[in-house]
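In what follows, subunit A forms one complex with subunit B and a second complex with subunit C.
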Partner chain A sequence: MSTSVKRIQAILIKDYKETSRNMAVSSMLFLPLILAAFYSRAGFDSIQGHFMGINFTFTMVCTYIQCCLIAEEKEKNTLRSLMLSPASTPEILIGKSSLTFLSTMIVIVGCMILTEYMPGNVAVMAIALILSAVFYLAVGTFLGLYAKSVMESSVIVLPVLGIFSLGPMAMAFVDSYPILKIVEWLPSTQIILLAEILEESFTLGDLVQPFAAIIGWIVVATIATIIAFNKRMVD
Partner chain B sequence: METIIEVSHLKKDFQNESAIRDVSFKIEKGEIFGFLGPSGSGKTTTIKILTAQLLASGGKVRIFNEDAKALKQPASRSRFGILTDNSGLYTRLSVEENLLLYSKLYNLPESSVKEALTFVNLYEERKKRISVLSKGMIQRVTLARAILHKPELLFLDEPTSALDPVNTKHIYEGLRKLNEMGTTIFLTTHDMAEAEILCDRIAFLDAGEIRAIGTPSQLKRQFGDDSLTVELTDGRKEVIGKGAEDAKQMFEWMQNNLVDRVMTNEPSLGDIFVQVTGRKLL
Partner chain C sequence: MKELQQISIPESIIGGVTICPSFVLPLQTGAVTGIYSDVEHIDYIVQQLQHHQQLHLHFRKEGYYERLTVMENLKFEQRLYDSNAILEDILKLTGLMDKKRVKMKDLSDSQLQRVRLAKLLIHEKTIHILEEPFQNLDIETKRIVDMVVTTLKEKGCTVYLLTNNLEGLLISSDQVYRLDAQGLQPLDLQEEPTKAVEGIETESRLIKLEKIPTKLNDKFILFNPPEIDYIESVDGLINVYVAGDAFPCTLTLNELEQRLLVFGFFRCHRSYIVNLQKVREIVTWTKNSYSLILSGNDRTHVPLSKSKLVELKKIVGI
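Here is the complex of A and B:
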């Protein structure tokens, strides 16, 4: 069965129209940009500082907005209507993720411009950012499928915001609390480690760990999301 | 005749409660089949199982000669349309934007939107957002979406429950037209008059079981008593049967110019429902 670009596009256009009329969700796009502008003016010129805004975009725009969009579809029973249409599971999931993905990428570029961050290797960083976005989208979709309402979705997404946005900061306390070494494996930490690698001369072997970790997170989150979606197809 | 829906010994349990106990019926191509019963009798559960939104606990369901699970396949979903009590419409979008989305999902030309909106008498309201529409208008938009792709099989769960008499009549005419074009209709309702107007066959569902099934006239014959009530000019009301003595009595009244009105005592579908279930339809 082939995936129809026309159907994906139809869902994307629908989401764009709906979200642009939903101030509660669309205003979220500005928060990471405000944070990035603040960091830039405050003079935080480190990789950690640049990625504060980027990781915040992943959780606040990518996961949070995606979670709200899916939860709203569920709450208003529109997701079931989509599921009863000829659109397949991949078409619905890709279509429902496209707007959030594009918004995330635009806001990340905005954050990078505001903090004047230029990665050591733009192509490698672009791939890492795209892969990270896929992971955060999957988490947002998964949480949205489990939330009973939009209100609940904005609560259950909070631990994700905390763990993935602020997790990398815990690396500063690893010497005192070795257990915190676990945060090294978060995708938000791995992308910072990758950015640091890209600032110096590197070999392909140096890229294996961060990419493998991010891809590992994607695989787990995507499988969980597909299982949750298929469960939601029946009562 | 081609069988479109075949249900045998269908059961559905929710935890310790049986929503559907042992339901069997067949629907032939081109029929309008009415599933009548009070709230909580299992009508919506049956529709959900038939459209693969709910798994049955037992029994067999075949749609288009395939297991109902086949309706989960995207290609099969174009073959049916559904209207439920949950509209599933995007409230921030206009009527037209909602239907345009579905016309693209079904790979239909944009003209299908105009056709469907004209069918439900809403074309003039197409630019209005769903959030400002009345319940009845939302019901009509949902119906327009269900028929947008001219499905072979249409599931309607209480289709006119929120409509005024004028729009109800308009929808009845439209459904008849759709049916004449070959659409098989599975309709659930607790409105006996609606069932009588629309349905070729009817099943009475009560507490998850079918109590009676047949055409309206078959059911009336089966549960009626064939008697007549005669109103006489002197104010008396007499009930007579079909026997020779009754005929003689009637002849005598007529000869004496005593007959004012003659009425059949044919039961309404509501009367039959009370007779077979022992309770009124609420």
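Here is the complex of A and C:
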């Protein structure tokens, strides 16, 4: 096993042990599941309803937990030791993200089972979900690097929660408020549009727009995160 | 082993007041070097060094994962650093064997410090820099610090101890340096002579010793006369002041005056001897009270008695 994989694994195992003993963070994993179960039982079984749970998972599990993990490293002064260790920047970032990534994927699958949602094309949807997760991870890392404490991190994650998971709902008012058109370009809306495309017959060309939008968001978020990380490294 | 390069610290003014001169870390492979300085200087050095890839820095306030047990923490370090160290041995050495399943947050400060020391043994770097390794520790842990440093030395590592605790430094290091505004200066150390050699010692008293011996705990520190700022006698205790720090001396003020006269020292007061080279100003407070202000950042005041003023004026040539 190469040293790089070993280091990522070391960080993953450490994060797993720490998080599993931290109730405040690990209990977040169950929130989207409860929500998904509630929604499906209440009879929202449209695409919108299915993705309510999934988008909620992205912000509540992916961004929030990632933000807390990074902020905790920062608050406890362990991020500095990590940065000074032989692990390189990508190794640290991948290692720190892998636990959140895995738990997000598990929770999303759980949500899909609970809402009995089966995408029209599983492979395409899987790629879209993975890409979205990368975006939300980058946002979480970025916010975590800016927050001074775990406490602060759980506050600054709220706007993200509002914009990205509740944003798609604003689509309903687009006709009366044309300005809400920008909501359409949120990655959370794009993935819903993608899911609607997948339900019908589609061509490869139809897939370009949602994927391009999601990848665009990833690029922006990743650049911001890397700049923030390197800034942290200097001081 | 990779060729070690000289590590130098650039000059800087810390907080607008304290000056840290530029200096090069004395490079002694496989030795323990102590640097005795104040908190500001140590902070500055650590800041300068933290991005050196060759070094491993040990911070006094290094973070830890409080929800992991001691063993899990060390295993994580071991994987991260891809080290072959045997954890059981390290736990034994640092006296953490019975604590290995205890979570970090349940440990005392001294025990936390031991975990940090254990990490030093896991990180296989050639140069280790320890910030304040002796602060706030119980006696057992102080002993462990010394043991860890010795182990590192045996492994061929170069260790630097940065501290303002001279006592611990004297026990653990091979060579001690003092860092102040003038730069890095080696401190001369001499073991306290045992009873057996005392006889020879008295015979050789005839040899004129230029250095001024001061005693700190059970070590003698010898200062070059030009290093000394002034000497003070309070309640019969003689203190030699060097760069703002007091070192008790066993000689009497009269003996010191005789010995130091040739080096340009002056008995400016019944209970003070001052190094005239370091005097910057002579201040008259009232008609009968005078003070000498020494050069340097802290502008130390030394009293000057009226009767001595005339004598001083003669020497200076006013």
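We take it that the second predicted complex is superposed on the first by the 232 of 235 C-alpha atoms of A that agree within 3 Å, B and C clash if a C-alpha of one lies under 4 Å from a C-alpha of the other, contacts with A are read in each partner's own complex, and residues count from 1 in each chain.
Basically, contacts are C-beta pairs under 8 Å (C-beta built on N, C-alpha and C of every residue); 3 or more make two chains touch, one makes a residue touch a chain.
Computed from a predicted structure; not experimentally measured.
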Subunit A as common anchor, with subunit B and subunit C clashing or fitting: clash
First, second, both or neither for A:Arg21, with subunit B first and subunit C second: both
Touched partner set for A:Ser88, first subunit B, second subunit C, both or neither: first
Subunit B versus subunit C as contact partner of A:Arg80, first or second or both or neither: both
Contacts of A:Ala42 with subunit B and subunit C, given as first, second, both or neither: neither
Contacts of A:Thr3 with subunit B and subunit C, given as first, second, both or neither: second
First (subunit B), second (subunit C), both or neither touched by A:Ile11: both
Which superposed partner A:Ile179 touches (first subunit B, second subunit C, both, neither): neither
Doubly contacted subunit A residues - partners subunit C and subunit B: 6-7, 9-11, 13-14, 17-18, 21-22, 76-78, 80-82, 84-87
Of subunit C, residues touching subunit A in the complex: 50, 57, 59, 61-68, 72, 76, 79-82
Residue numbers on subunit A that touch subunit B, as the complex places them: 1, 4, 6-7, 9-11, 13-14, 17-18, 21-22, 76-78, 80-82, 84-88, 91, 233-235
Touching residues on subunit A, where the partner in the complex is subunit C: 3, 6-7, 9-11, 13-14, 17-18, 21-22, 73, 76-82, 84-87
Subunit A partner contacts - residues on subunit B that touch it in the complex: 48, 51-55, 72, 74-75, 77-78, 82, 86-93, 97, 100-102, 104-107, 145
